[in-house]
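Common to both upcoming complexes is chain A, partnered first by chain B, then by chain C.
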Partner chain A sequence: MEIKPLIAGFEPQERPEGGEGEKPAVYDVIVLGAGPAGLTAAIYTGRARLKTLVIAGPLPGGEPSNTDLVENYPGFPEGIAGMDLAQRFQSQAERFGAEVVFDEATAVDFSQQPFTVQTYSTTYKGRTVIIATGAEPRRLGVPGEDKFFGRGVSTCATCDGFFYKDKRVVVVGGGDSAIAEGLFLTKFASEVIVVHRRNQLRATKILQERAFANPKMRFVWDSVVEEILGDETVTGVRVRNVKTGETSVIETDGVFVYIGMVPKTELFVGQLELDKQGYVVADRHQRTNVPGVFVAGDVQDPNYRQIVIAAGTGAVAAMEAERFLDEYWQTPHEEAGPS
Partner chain B sequence: MALLDNDVRQQVVEFLKDLAGPVRLVMFTQEFECEYCAETRQLVEELGELSDLVSVEVYDFQADKEKAEELGIDKIPAIAVIGKEDYGVRFYGIPSGYEFTSLLHAIRTVAAGEPELSEEGKKFLSEIDRPVHIQVFVTPTCPYCPHAVTLAHQMAIASPHVRADMVEAMEFPHLAVKYQVMGVPRTVINETVHLEGAAPEPMVLDKVREALQGTEG
Partner chain C sequence: MAQDRKRKKQPRVIIFTTPTCSFCRAAKMYLRQRGIRFREVDVSRDQAALRDMVRRSGQQGVPVIQIGNKIVVGFDRPKIDRLLGL
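What follows is the complex of A and B.
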């Protein structure tokens, strides 16, 4: 297999003019997350000449870097590898001056200006924050899952598909991710068994057509996984038919879980308004309930989770951040800035 | 055909322009080059052209056995990233895909000889007095993996007793089997302790502690 050398998710050694590697005391915009939403926001704020910091978090590139092939992002008629697309987002943001750091926010304080973002390595201050932390795969929450996570249970087919060469895998879920990644796994696995709780797929029709036409794919309908079985390695899953209540065991070497996402908002509990499912509540202008804090992408979107929409909301958040800063500078206020 | 296209070359030049000191990429291959040996050699050779401070040495794993032993190289393709001293930073298998980022990181930190770790982390690692071997299993298509590899390499730089390897699982399937690698990144410390996923520094340090306790007495 051919794999292109890629550069992703590290800090360019660029020094701001006049300062020997010094960071600005206060950024105009701090973006949390380096997926399509965060990096699009950074492209816009960079071009607005706002001093922009992107704190990449644990998955630079965001969800696309977890995706084999992206076929629904406009401008790439042949499709584009997810990691390639993620890399292009980042290059474009850096080209316009955004600083991307490979670090992760561990605490935030939105109670006073400038806002504070604590990371593993240091503390940053910003007059606006754009939250684009995204969402992470939902876990099954069944016995055996924790025990085998990372060694038989996975949520990253691009990472781990190789280990299932000529083996049998179970994919749990019926949406786009489940079917697209299931199809990707057929490149390696001898058989891909899709376990879905309904009797039809939710995935886009074109993916369904490919899945039904693929001789390596098999479907177990109306069923949920109740347990992941095995001593040293995964040997099977116990599934229950939700209509008949019958349980049975499917033999498998691995389980890939694609049953939706949960927003990554633990850091913001008590500081921002979140909905019942934990998503950040935003208005049409991507504003949160805290003036100066904006939000974009999957972390505020329980419904669509598309790259093109994440990018779109990132652009809105950036334009609103710019507007906020314009007004901020026009209003008398106590300057807590560079000391 | 070049492995590094013009865009990537430009980014590499930019990234390597402020290297703190010279770095040697010591690469091991063999006469009948293994799968990915030729590509790995080409990759480091192309890299070497992009910075005056990065030099490339290519050895034959069989013919230059002594050199391989001196650097503790036990499989190929292998790259030792060496600065003022040999900190024990190694890549086994091709550092391509996302792992190319890990290689650039390694070059930069080895050049500086100064790990980018927390003060507590550096203090703990500097006090280690027994060997620690960290192996991080990866695949080139794993976006989470460079984080784990880079962290392990930083730890190697922080202590003369710590050595850290990136191991590309697809090229060393027997090791993937031996260490039960079914997902990446998987970090194996001193053969005994393991960790799944790209964990933050404090969690990896706890695992190093655990591995050291295992070797006591």
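What follows is the complex of A and C.
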């Protein structure tokens, strides 16, 4: 196909072809994060025959791999283990040629083309970057939390639930994560006490029905955790009723915190437009304020945080990256010299 | 040569895990990728090992990785790299 130059007198540049299996000097697409958003993006860019690198970050598979059972991702009527779903995403991306590396970005430079991503071990260059670094659990920020983190305070029931066999645990929060993970904990714990700051749950109705029907679950309404108590190990939490102001102590062996997520965007401060809460600002085409840098998934989504939506935005980001590259190779541009 | 020397000097690595722990899986993938030999102890199937891990690390969670006589809590990659000289 003949490509018409956009500007008279300009000849479209030869688009470099990497040999099979060779590592290109400059990737077409670098995806940061290997959750549903990043891996879906890689499936699409791989199928578009773009040289794609996925830098997996600290948790390959992303947030779903912390989830016991995923029941709302279409195509799996019986549900699927979060870890299995994550593995399937990755296999599918790799099948179409995406290279997934187990490394973590430590710095980025989006100020000139090609963009640079520094990791623990290597410096990578890419024409486009798709940010899909996700979000991490918000911490309570109360006394005792840091001291007991990993020793009675956790944000990962699938990791640590086992340690509370026949023990009593407190779950803080009232959303989907809090209730789903609370239900998971009833497999081990003798009692699961949900402490929630409102007088009703925000979780999906089907989860609420299961929680209310579960004899191991108990609810403490209108209450917030003010302190985590204990000497060597956690012995309780002090809670305050937000309506009456009364405080009381709930005895417990463990505390699981599910009070929302914080986007992982420290790397992009000063390089990309972030909102007040730290989420990457994106338009409807998943474009950031830097041309060639796209964003997908929870890192730009304060509202929904669903696997299906993360995957959807990943697909949009990938298609927009492809479009960007098509235009990039048809217009004159300054190449940054070798560094 | 350098590889051989490194292999000989590798301290003993034990990783304590549970089957549903995603960070355990990530840590194991990482160790395998870097050619580190390790022993895995699934504490969900071994009560004695569980008590031992809690006593040694003070942790109520996994992964806990023992490298030589040092304990790494969680998949703390910079610390793992430092202790293994990666």
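The rule is short, and it goes like this: the second predicted complex is superposed on the first by the 312 of 339 C-alpha atoms of A that agree within 3 Å, B and C clash if a C-alpha of one lies under 4 Å from a C-alpha of the other, contacts with A are read in each partner's own complex, and residues count from 1 in each chain.
As a working rule, a contact is a pair of C-beta atoms (placed from the backbone, for glycine too) under 8 Å apart; a residue touches a chain by one contact, two chains touch by 3 or more.
Only a predicted model underlies this, so the values are computations on that prediction, with no experimental measurement involved.
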Touching A:163, do we find chain B (first), chain C (second), both, or neither?
both
Is A:143 touching anything from chain B or chain C once the two structures are fitted on A? First, second, both or neither.
neither
Which partner, chain B or chain C, is in contact with more residues of chain A?
B
So, does A:291 touch the first partner chain B, the second partner chain C, both, or neither?
neither
Which superposed partner A:61 touches (first chain B, second chain C, both, neither):
both
Is A:91 touching the first partner chain B, the second partner chain C, both, or neither of them?
first
Return the residues of chain A at which the contacts from chain B and from chain C coincide.
58-61, 65-66, 83, 86, 102, 104, 120, 150-152, 154, 156, 158-160, 162-163, 233, 254
Over in the complex, which chain A residues touch chain B? Could you list them?
3-10, 12-14, 58-61, 65-66, 83, 86, 91, 102, 104, 120-121, 149-154, 156, 158-160, 162-163, 232-234, 254
Contact residues on chain B for chain A in the complex?
3-5, 7-8, 11-12, 14-15, 17-18, 43, 94-98, 100-101, 104-105, 108, 116, 118, 139-147, 169-170, 176, 180-184, 186, 196-198, 200-201
List the residues on chain A that touch chain C in their complex, please.
58-61, 65-66, 68, 82-83, 86, 102, 104, 120, 150-152, 154, 156, 158-164, 233, 254
The answer for chain C against chain A in the complex is residues 18, 20-26, 29-30, 33, 43-44, 50, 54, 58-63, 73-75, 77-78, 81
